[in-house]
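Order of writing sets the chain letters: A, B, C, D, E and F. Residues in each chain are counted from 1.
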Amino acid sequence: MDRLIEKANVLIEALPYIREFWGKTVVVKYGGAAMIDERLRQSTAEDIVLMKYVGMNPIVVHGGGPSINEMLKKLGITPQFSPQGLRITDDKTISVVEMVLSGVVNKDIVALINRVGGHAVGISGKDGGLLYAVKKYADDGTDIGQVGRITKVETKVIQVLCESGFIPVVAPLATDEFGGVWNINADTVAGDIASAMRAEKLVFLTDTPGLLRDPSNPETLIHQLPSNEVQRLKEEKIISGGMIPKIESCLKALDHGVRKTHIIDGRIPHSLLLEIFTREGLGTLVYLS
Amino acid sequence: MDRLIEKANVLIEALPYIREFWGKTVVVKYGGAAMIDERLRQSTAEDIVLMKYVGMNPIVVHGGGPSINEMLKKLGITPQFSPQGLRITDDKTISVVEMVLSGVVNKDIVALINRVGGHAVGISGKDGGLLYAVKKYADDGTDIGQVGRITKVETKVIQVLCESGFIPVVAPLATDEFGGVWNINADTVAGDIASAMRAEKLVFLTDTPGLLRDPSNPETLIHQLPSNEVQRLKEEKIISGGMIPKIESCLKALDHGVRKTHIIDGRIPHSLLLEIFTREGLGTLVYLS
Amino acid sequence: MDRLIEKANVLIEALPYIREFWGKTVVVKYGGAAMIDERLRQSTAEDIVLMKYVGMNPIVVHGGGPSINEMLKKLGITPQFSPQGLRITDDKTISVVEMVLSGVVNKDIVALINRVGGHAVGISGKDGGLLYAVKKYADDGTDIGQVGRITKVETKVIQVLCESGFIPVVAPLATDEFGGVWNINADTVAGDIASAMRAEKLVFLTDTPGLLRDPSNPETLIHQLPSNEVQRLKEEKIISGGMIPKIESCLKALDHGVRKTHIIDGRIPHSLLLEIFTREGLGTLVYLS
Amino acid sequence: MDRLIEKANVLIEALPYIREFWGKTVVVKYGGAAMIDERLRQSTAEDIVLMKYVGMNPIVVHGGGPSINEMLKKLGITPQFSPQGLRITDDKTISVVEMVLSGVVNKDIVALINRVGGHAVGISGKDGGLLYAVKKYADDGTDIGQVGRITKVETKVIQVLCESGFIPVVAPLATDEFGGVWNINADTVAGDIASAMRAEKLVFLTDTPGLLRDPSNPETLIHQLPSNEVQRLKEEKIISGGMIPKIESCLKALDHGVRKTHIIDGRIPHSLLLEIFTREGLGTLVYLS
Amino acid sequence: MDRLIEKANVLIEALPYIREFWGKTVVVKYGGAAMIDERLRQSTAEDIVLMKYVGMNPIVVHGGGPSINEMLKKLGITPQFSPQGLRITDDKTISVVEMVLSGVVNKDIVALINRVGGHAVGISGKDGGLLYAVKKYADDGTDIGQVGRITKVETKVIQVLCESGFIPVVAPLATDEFGGVWNINADTVAGDIASAMRAEKLVFLTDTPGLLRDPSNPETLIHQLPSNEVQRLKEEKIISGGMIPKIESCLKALDHGVRKTHIIDGRIPHSLLLEIFTREGLGTLVYLS
Amino acid sequence: MDRLIEKANVLIEALPYIREFWGKTVVVKYGGAAMIDERLRQSTAEDIVLMKYVGMNPIVVHGGGPSINEMLKKLGITPQFSPQGLRITDDKTISVVEMVLSGVVNKDIVALINRVGGHAVGISGKDGGLLYAVKKYADDGTDIGQVGRITKVETKVIQVLCESGFIPVVAPLATDEFGGVWNINADTVAGDIASAMRAEKLVFLTDTPGLLRDPSNPETLIHQLPSNEVQRLKEEKIISGGMIPKIESCLKALDHGVRKTHIIDGRIPHSLLLEIFTREGLGTLVYLS
């Protein structure tokens, strides 16, 4: 009986957070280990479904993980690189990217969520004209193929699905007026959708404990990062590599009215739930200074 | 961190129950120790608010507890009894009953729920014409005063409050076409409201572990009671005393489409939550055989 | 037949007023003789129900009348006074105040209105978090106990009830974040609710013909009082005593967008109806100058 | 002041009727003196507007009065008669009938109602496909021209107008699938619309006190006529002439769910109001036996 | 089969226009040959009904055509003229004007539209208080009778009808607070309704190819007229006579947010459809420069 | 100009069909040449978008065409066959089937429709739990792998999309309670969705002129096939091969309330439009006898 009461207490502890986030939108960038490890996949799906049932509106944006490269390899497509070493998404590649993102990864997440009791609907940025993009060139002007920059987010299809009890799962592809397809960085898609939906939270599930001063030392986790310190940390190379699009998506989202943005450790089971339902939170909170 | 993950697991365990009861109505007859002991009061209020936030529609019906007798005593009103020993609710008494139920107990529960984050609205069966009654005589025909039998339940005021995010708290008084006031057994009110609302569950918070074969031995708890065994248990005097109106309210509610009825031990903290969010459940389940 | 046609003419005379006030909110501070005299009680209730049926949204706010003092006396609670002669609402007293306001007076008015065909729902400022307050000290800084000053009016519960065809009847009590209970001047409550609801009218039912230049001479009634003359009349002591909270509530309500405020003679049968449905009006109109 | 209170009492007397008819539909066949005498025109319009403002849904159906014959005469169109003496509505005549009904009488009533504060919208049975008809022959098979029998009532246009706060005023013309126009007896139109709308009441404003046993003696008014006595009264020639289509429309309407049908004296000012807002009522009530 | 595919191609060509105008309001001033010639009448009605079915909200405003003069003549009413030669709409005349507009022309158009499958509802500016007017004097101050200038457009009745699937057909008459009736230039009514409805388009069906530099030479059609050239063309007398109220209504409508205004040749079958569903368009487009 | 008027006439000819199908649901099984030939792809997409804009609710169900086999070949997966020669959809194969259906074909159709102005949203039967299935064995009991039989159609996601202006495009895959994926015959999916939606029409786009008595002779087209003749034609082997699932889906859909089912020649440009907007229709109509 004591164990039962203990359980009840845990539920009750969640009450203030349930109240706080009731009716709010949370965009989750789903990727890394949480997308590969079977136990983490299960726990993340449960977290998302619980969020929906306690009144929040979760929206999932995913990347492609290793599946795209595997498929490219299987199909014998050799990656092309620019003289500067940038990968070029040529026409053959973009076809495989879309096929894997929309036809494998996306539907796999849908199945995962539905199996634990949610009602997910998997779409890409092409569906309902959700994301429009134009060609994006590398910083040095190189043509890197079908890589795009988002120019418009038409949230209607997402809103309609959220309001009808569904959990939208979005593959990071955009379209244009000619029906073309563009590959977009998934972190950027998550940030742009969070902005357009004026989400309460934007959460990146990553394979790090958050932003670390010293990447080799988890103890150096920066728990809270005001937006006006980002520039300095970039100059100090503390923000670098894959952290850059994440942090920039955070800043852009904050600018567009998103309340809080988080970079958390997807390798911890139920990290999403813990971030939302405990006072301490997990990982790094980036907030408007 | 392990402790945190443990917590997350508890929340996730609740998921199937949250899904099952989403949008369902649960009528709680609130009374006994859960209404007196400060810690139990707090835990019950938390349970009710949590139920609301995870999508259920709790409705609270309360009795008067010892407050009525205290006030009668303070005001020097001597209880009247019929030759057969039945208490008579004369005009002076009914005034005090209404004053204490509507003005003390009801508002006290409202404050309790609101303090833990709910939005309770306290009404009596007079408000919005919720409960209409006619005079009820004792079994032997004795006039026992302003004690009534419910003839109509107009659920509109309750429904409007539930749909607007409020938790209705109902004092067990009824009115009539002349604006009179009638005292009604709170167990009966809970059952009749559950019937009229076609509630999913009707739960009685009591000061016993449930229905016991041997009242002195908690080990003899009857976990599940099919409705067709009630008559026999009454004849064997296993169902007797205060259990009678509870069990009868259960039967009537089951007849009117309520899915499950429960008699649980309000002396256990969070008993309400445990009944709803664990497979084993607590106390006695009375169900349609 | 002539008498019948005469009757029809009276109904037709009301037509322009019915049109004018269709869909508008009117807050009625109910008190004084209109709350005690049986004939006046009946006529006032009829007026309120008629207002509802011809398309207006009446909201009733009541005081406690002599009932509180009677009950304090019956319970042997001696009133406490500050050195300056102010009554102190100590903990024992506030319990009785709430019990009588919410459990006797409020439900009595509900029964009265429902008996003549309305659908009243009685609540206090605690219900649905309608009124929040903080402690108010006497002008000289004396602690006068559980007497509060309103800090927030959450009109949702009232709006929901009005829109669903009910007539809200409000007892002048407020709550705070700790679930406490505060006694508030009923005139102030009426004014604050009228402000928050952006009511069309705020009407005080009093035991005077209105604001009199010479209190002993009804002929000196001030029919119309522009708000910018209030200060002068206060200095001349023409506005004094119980008139002060009424006039101040009028001014505050006018500042918050209430169109017209009235102080009328509740001792005249159907004074409410006459104020609304005749060109002359009754009592004193206080308006924004 | 006494006179004022007297007025208030009249308003209050109307309360039970206002309650009873709130939200109900009343079809008024407007004709006779009430359509000609300026004072009666005004009082009838006021009655209709009051009905709307106290929550009823009045629908007005009118005939043509003497205006049609005047215009026919002015235009030099000689009435045609069948050998049996029936008037024949030939093509020239129907054009004038429509012109006068839709362009003079209908718009005149609209102006009348709007002038006293209503929002009338004048249509004919052609508008929105309200009334469809086929040719009707005289009882002896004679072709009497563009006189029709209603085959379908499409209430949508009326319902939309009622729900949006308008008072529909209907000219008794019908259409057919070829866009033709048919003249229909206005009493029949009123009855058929009342049936299709499942109205609460159908009221005929006439130039008699109601159905009289002896047409020359108003004292012989039949106050209440059960439907099963109609046949006998027809055989006794007590129901004859213009009373026949009225009584038959009453019977048909009663058969289709209209609750009460009335034949009242439109020559009495505010007869409509008096019928609805007094217990005695006016004229003859025809009800389902 | 080729002929069928050709047909399909025509439908498909219309697709971009259908998309562009979906949900938009188009006010059509209906007059001239399109109102008289049987084939043109039919084709115009078909155009309007098609517009409705492909998602637009057409509103038809009509003039009186020659019917008014015919009727005045039949009734022996001699037209009155002012010393300056202006026709005077005296009381007798306005009665005939209203009778013919509301009772003949309006209902005739309703029948026409309904015959080809639409759901038209014919009203005048009196209905639902759509148009209010005050007396308008000639430029030289002459009293020309019941000719009015619009002071208010209450679009509710039109909006309600459009939203419910009906096509409003409006006769150019206005009312005033006394229930009076005023004759208004139909072009002006069309423009004022387009303004009040913030229509997408205002289209005048005329008996010319559009605005011609040389009225005798259709080749001199001005295809596009920016609003800032109107004044010059007026001075050059290129805009003169009946073109003046049309062009002025266009300018006023453009000022009030109407997107495009057109003067087209109603003598061409389906000119309305061609204007809307072909890139070239017909007649003269007047647009905001 | 004549050419323009000719065009207008074609639009007008479509009016009765637009009226007839306004608000109706049409399920289109998209496949064959219409999915491969670029000109036919374009014309079919235009037809579907036009249907949406003129008020119908088109739902597209597609098969996989040759894309699946191509990809299987590219990936070096050798098709497996049962001893009886049935293809076996093993785990590797179903992964490719889903990847190609959801990630290539589905998104390709979405892009196609959006490019011509529609708002398509591509989903599979897994999304929103649209289609649930259980394993289906070959007629002789052979295990043919992940081939399923539909057990439940949850239309909510489709309905929500249709009502919000989107065109659902559905890949023929189903899920089960374990999150599995099942391949379903696309004709069957189209029929089951048409049944569940109580569609007005179910149209199969095929590579034949319809059902032919003699497959080698298009002149032997059966224009209309009453459902009670199907059995005989099957026995005569006139219905055979790929026609069987189509005809059976037609029969099942007719049984579930679909009004008309069609098998038409997708090789004719705009065949969909022609079937809907011409009296003759195309191909074979199967109807309930």
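Assume contacts are C-beta pairs under 8 Å (C-beta built on N, C-alpha and C of every residue); 3 or more make two chains touch, one makes a residue touch a chain.
Keep in mind it's a predicted model, so treat the numbers as computed, not measured.
Under the contact definition, subunit B and subunit C share no contacting chain. Minimum number of contact steps separating subunit A from subunit E: 2.
Overlaying subunit B on subunit E by C-alpha atoms takes a rotation of 180 degrees, rounded in steps of 5. Across the assembly, the mean Cα position most removed from that of subunit F is the one of C. Centre-to-centre, using mean CA coordinates, subunit C is 68 Å away from subunit F.
Between subunit D and subunit F, the centres computed from C-alpha atoms are 55 Å apart. Separation between the centroids of subunit E and subunit F, computed from CA atoms only, is 46 Å.
Shared interface positions of subunit E, i.e. residues touching 2 or more other chains, are not present. Because contacts link each chain to exactly two others and close back on themselves, their graph is best described as a ring. Partner subunit D is touched in their complex by these residues of subunit E: 74-75, 95, 98-104, 106-107, 110-112, 114-115, 119-124, 126-129, 156-157, 160-161, 164-166, 173, 175, 177-181. Contacts from subunit E toward subunit F in the complex involve residues 1, 4-5, 7-16, 18-19, 22, 43, 46-47, 49-50, 53-55, 116-117, 268-270, 273-274, 277-278.
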